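What follows is a set of structures for review.
You will see subunit A twice below: alongside subunit B first, and alongside subunit C after that.
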Partner chain A sequence: MKRQAANASWTLTNKRREALAGYLFLAPYLGFFLVFLAGPVISAFVTAFVEWELLRGTYRFIGLENFQLIMEDDLFWIALGNSLYFAVMTTVGNVVVALFAALALKSIRLGHTVFRVVMYAPVVLSISVIGIIFSRLLAPFGLLNAGLELFGHNGFDYLADPNLVLPSLSLTTIWWGFGFPMLIFLAALYAVPETLYEAARIDGAGRRQILWRVTLPLIRPALLFIIVTQFIAHIQVFGQPYIMTNGGGPGYSSYTIVLHIYRNAFSYYHMGYAGAMALTLGVVMFIFALVQFRLLGRYTEY
Partner chain B sequence: MQSDSRNILNKRLSKLATYAFLTILLLIVLFPTVWVVGQSFMPEEQILKWPVQIIPSEPTLDNYIEIFTTKLSRQELSLFRWLFNSVYVTTLSTIGVLLVTSMAGYAFARLRFPGKQLLFFGLGASFLVPGVMLLIPSFMLMRALGWIDTHHALIWPPLAGFFGVFFMRQFFLAIPSELAEAAVIDGASAFGIYWRVFLPLSRPAVATLGIFTFLFIWNDFTWPLVVLNSDEMRTLPVGLVVFLGEYWSYQGIVMAGAVVSSAPVLIVYIIFQRQITRAVMATGFGGR
Partner chain C sequence: MQTRKLSRILLAVMILLLVGALPLMAQDEGEVQELGTGEIEINFWSGLGGPDGQSMTDLVTRFVEENPEVTINYQILGWGTFFDKLSAAIVAGSGGPDLMTLWHSVVPQYALTGHIMPVAEQMFNLGMLDKDDFSPALLDSVSFDGETYPVPFDNYGSGLYVNTRLLERAGISFDDPPENGEEFIEYLRRLTWDENGNTPNDDGFDAENIAVWPLSIGWNRVTVTPALYQWGTDVVTPAPEAEVLIDNEAAKAAVQYFHDMVFEHHALPGVNWNGELMLNDGIAMYLDGAWTYNFYNTNMEDGQIAFWPYPRLGPERGSTIMWAHTLAVTSNIEPDVLDATMRLIQFLSDNSREHSIKTGMPSARLSLRDAELADLIWTFDTLTTQMAAEGVPEYQSERFTEVENIMGAAYSSIFTGQQTVEEGLDDAAQRIRRALR
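Our next item is the complex of A and B:
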């Protein structure tokens, strides 16, 4: 009896000590989390409902007025349209290029590492380097037009043509980033058991059939993950037009929603209004992510 | 027989097509890079020639000398200052992230305490918050702290990122518990076990997290653009864009700037490409 009691209290204090250690180990991170992440998240929601003019020093609760302003703000809708267009184009492009690159990489041995290492390399570069290089490459007398001239074509002024500017920024972004989804797809492809391919081949399935009926359904989770995260990342495009098209030119053809938020917050200091736009964009992204999950996740069972 | 040889031929052709496709992709990635490096070593007369030249006929270091010796803006600054700022901010912040998140990851992987699951998922929910929503409130927080135009604004906020906690937790979970038990019998404290058993065993994970954090902070553009406004505080990516704005018409200098600012990350990438590739494939992080 006595020994049992002593044992119980021993485990109790031990348990307490372990819990205390747990909290102590967590404490530094928790502190940073509360200050730099949780705090800003809460204030993001509050900011959307106040009139907050940094220059005049006003700060007052105005309910939904910011959102009414958004409704009447033509530039917001132009910018949102541009960002959506850019995000769809870049996501589709990235997924297609990365998928074929991953399929090709999986089927080769010789030179595999070299191809893989080089194709992922642009991902580690900063947008400022990418922006600088590609605004030169896409200039009227840049590398791309020099290449076209070899085929007797006069080329284009990619970044000054309202119809070409967003596709050009999108191609730049695909060059910069396709290595990342490529690695994710490659990981997913390696996880597909080889026996399934063999079975399909024995059943007489052709190459295209295997891709559509075996490979794609089996890597669906990776595909879904990439489509959703790519879309969310690219709808927030900022650095490309900031650096390459002077902040959204020509006119407003490459003016994106984050540029609009940036300009309202840090050029005009309309903090409340910019905050409301950021929240709206957050909600839009959330809805799109849900829709994508619904549409693509529906047939996950096979 | 006939169908067999046709099969072999088909296989060879498809292998050839695969290599052709990969080679085209490889060239698309490599060609602009070669062109940038080439132009950075060219005198301005050759750069202006049409059609575009790829290989410098008389290689020169003038562009590099120019960007490192010119005084930027009105201050007595050179590109070295931005290089130093980038190294300083990135190093301190990375060390902080490694310490703080590995401790939290250890708690989640190895210690039992009430509310653990709830806390883990609560913190993990921060993954769902898009960056653009945090930009303005974070800026206001920096203002309130008096950190606008200081390096504190770049060093401390990354320590709140959850990725490191998650990443280290996964690694710590995989370490066999016999090792920890042996240390307990030897009378080691909780911190002793973390510091002397788990951290040394997870050197590869710490290195990988360190590289990811380094790349992320080194390359960041939007945040430093927002919180820093004087030339002497800027980091390399933002400084470069501002500086090159003034030199926009000198392409050789622009290209030399691009080479200088990407060389450190490319060197890190080439040295650690195996760890980076493995971590990207295992965790799904590290993209744009």
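Our next item is the complex of A and C:
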């Protein structure tokens, strides 16, 4: 009896030891998570309900007043509209370009690795570099207009034309970032069993039918993942307008919501107001992600 | 096998391209230069880059050579991010500068909130600098509650860089600058040529294919603000009152003048233009600040470029805008560091004539603007004469950064045709009032 009790106690201790080891392994991540993610999120949440003017040194609880200010702030709504337009345009563009690039890569044998590297390479560049390169490329006397001049066209002022600026930033972003979704699509395409394609071909399906009836339904989980993550990433666009359009110009044509939050927080020091806008943006992103899951998730076969 | 070889070559090319892009990444931030080996450490943040920055670096280096007990941790930051970083550091209470360069226009942001000290006042009282050696208007613009905060280092304005070859082609004498708004428009018409060499005054002028534009502007802040003065108004009244003026009729008339230049006279090719076009005779005149002197001085031959005062456009008065880079000291500076910092400020101020010669930026010290400089710097005489006679310090505000961003966007909206002058300025005024609440 005594031996049994001793064994049980030993087993318990051993389990505890195992648990302790587990927690120890988790500790570094948990530490970082608490300090750099959970802490700032909670802090930002609290900040949304205070008037916090850094340079003036004021800090007081004001309830929902910051949210009332958001309703009156026309720039918030202009910036949110621009961000949504940019996010939709860039997400769609990225998905289409990445999907076709992945399909093309899967179908070729010669130079497969080379093209994969070349197409992915822009992703590793920083936005500062991309911004500077494309600012020069898209300048009135830049390379793109020089090319158009060969065909007798005067070209465009891509970054100074209110109607062209966001599409230009979007194209820049697509070129910069389509490599990542392309790799995800490529992995998903390789996961589709070859036998299904053979069966489809035996049944007389053409290329387009195979794409629409076999490939796309089977890579839908990857599609959903890419759409949701790309949308969340692109609605938070910041570096492109910050570098390429002098912080949102011409006028407010490329002024985005994260720029507005950044300026209020770190240029004007309205920390409380910026916190409230960040929280509002978080809610908007959550709603959009939910809608995307609802719309695309129901047709997804896992 | 061939594919593998090709992929290796391409990989090498990609790596070279990425490595080649590294200098672009490195342009983002300046690193801290530790100058000297003395025990007293001064952290100095400067926003002066390019030739101005080089000149300032030379002066700072000389100071530590002459003052071996001092080490200066000297950091050059681009103006684009300077104030964001500065404010964050000041508020954090550590890691920030002891000494910093500030535009005089942003001084209220830091002086009225107690983040910088009235170091100029202290130096005047100690006899380290002579108050009477500075423009009273300039000192007044950095004084609050009777105390002068930072020490003005330089004092500059804007004017009109003119391409003398194109003036000659248009039959305009350099000795005959425009005297009013109508004459300026007429000059613009004479200095515009299409691909066929016709001007807007000729039959068959092709406005869609302009080969030589008459005018370009560097920065709306530089270009339009002096015109506001000429129509008898401004963006806001000086801090701390800060009454918003930009939606009054006079302001709308001033901005309308520039709007008409773009859309009616097709004289100004909108925003984002480039003064570099002057080098290839692509533009005849460039309205910009004193800082552009160095670029043209380096890249154009003697006699091809000259400088006119900011033209008289409005009905009320002539004017140019006046700015200054000032040297400000943080409030929480240690006493022994303050002593060394004041000596550094005195040194920089005493040697600002040398800075003028290298950069074209006149010293804020009136006694250091001697006649000899007019022979060395071709913008100097015109610039300082107009500043002395008609110079108006740019508006200041406790919310300067916010107001300036609002105005920048408003001008941009108006000059790209997104909004009428009325709409753009009314919106801007509403946003500024909200910011100043």
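As a working rule, the second predicted complex is superposed on the first by the 292 of 302 C-alpha atoms of A that agree within 3 Å, B and C clash if a C-alpha of one lies under 4 Å from a C-alpha of the other, contacts with A are read in each partner's own complex, and residues count from 1 in each chain.
Criterion: a residue touches a chain if its C-beta (ideal position, glycine included) is under 8 Å from a C-beta of that chain, and two chains touch if they have at least 3 such contacts.
Since we're looking at a predicted model, the values are computed, not measured.
Applying the stated contact rule after C-alpha superposition, one finds that A:F86 touches neither subunit B nor subunit C.
In the superposition on chain A, A:V35 makes contact with subunit B only, not with subunit C.
Of the two partner chains placed by the overlay, only subunit B lies in contact with A:G239; subunit C stays clear of it.
In the superposition on chain A, contact is made by A:V124 with both subunit B and subunit C. After overlaying the two complexes on the shared chain, residue contacts for A:D157 are found with subunit C alone; subunit B is out of touch. When the two complexes are overlaid on their common chain A, residue A:F76 makes contact with neither subunit B nor subunit C. By the touch criterion defined above, A:G57 reaches subunit C but does not reach subunit B. In the superposition on chain A, contact is made by A:M285 with subunit B only, not with subunit C. In the superposition on chain A, contact of A:F231 is made with neither subunit B nor subunit C.
Ranking subunit B and subunit C by residues of subunit A touched puts B first. The contact surfaces that subunit B and subunit C form on subunit A in the two complexes overlap at residues 111, 114, 117-118, 121, 124-126, 128-129, 132-133, 141, 266. Contacts from subunit B toward subunit A in the complex involve residues 14-15, 18-19, 21-22, 25-26, 28-32, 35-36, 50-52, 99-101, 103-104, 106-108, 111-114, 116, 119, 123, 126, 129-141, 156-157, 159-162, 165, 190-191, 194, 215, 218-222, 225-226, 236-238, 240-241, 244, 251, 254-255, 257-258, 261-262, 265-266, 268-270, 273, 276-277, 280-282, 284, 286-288. Within the complex, the subunit C residues that touch subunit A are 3, 6-7, 10-11, 14, 17-18, 21, 24-25, 27-28, 83-84, 87-88, 90-91, 109-110, 113, 115, 208-209, 270-274, 399, 401-402, 405, 408-410, 412-413, 415-419, 427, 431, 434-435.
Residues 15, 17-26, 28-30, 32-33, 35-41, 43-44, 47, 97, 100-101, 104-105, 107-108, 111, 114-129, 131-134, 136-137, 141-143, 146, 149-150, 173, 175-177, 180-181, 183-184, 186-187, 207, 225, 229-230, 232-233, 236, 238-239, 242-243, 258, 261-262, 265-266, 271, 274-275, 278-279, 281-282, 285 of subunit A are the ones touching subunit B in the complex.
Every residue of subunit A that touches subunit C in the complex is listed here, in rising order: 54-57, 72-75, 110-114, 117-118, 121, 124-126, 128-129, 132-133, 139-141, 154, 157, 159-162, 246-253, 255, 263, 266-269.
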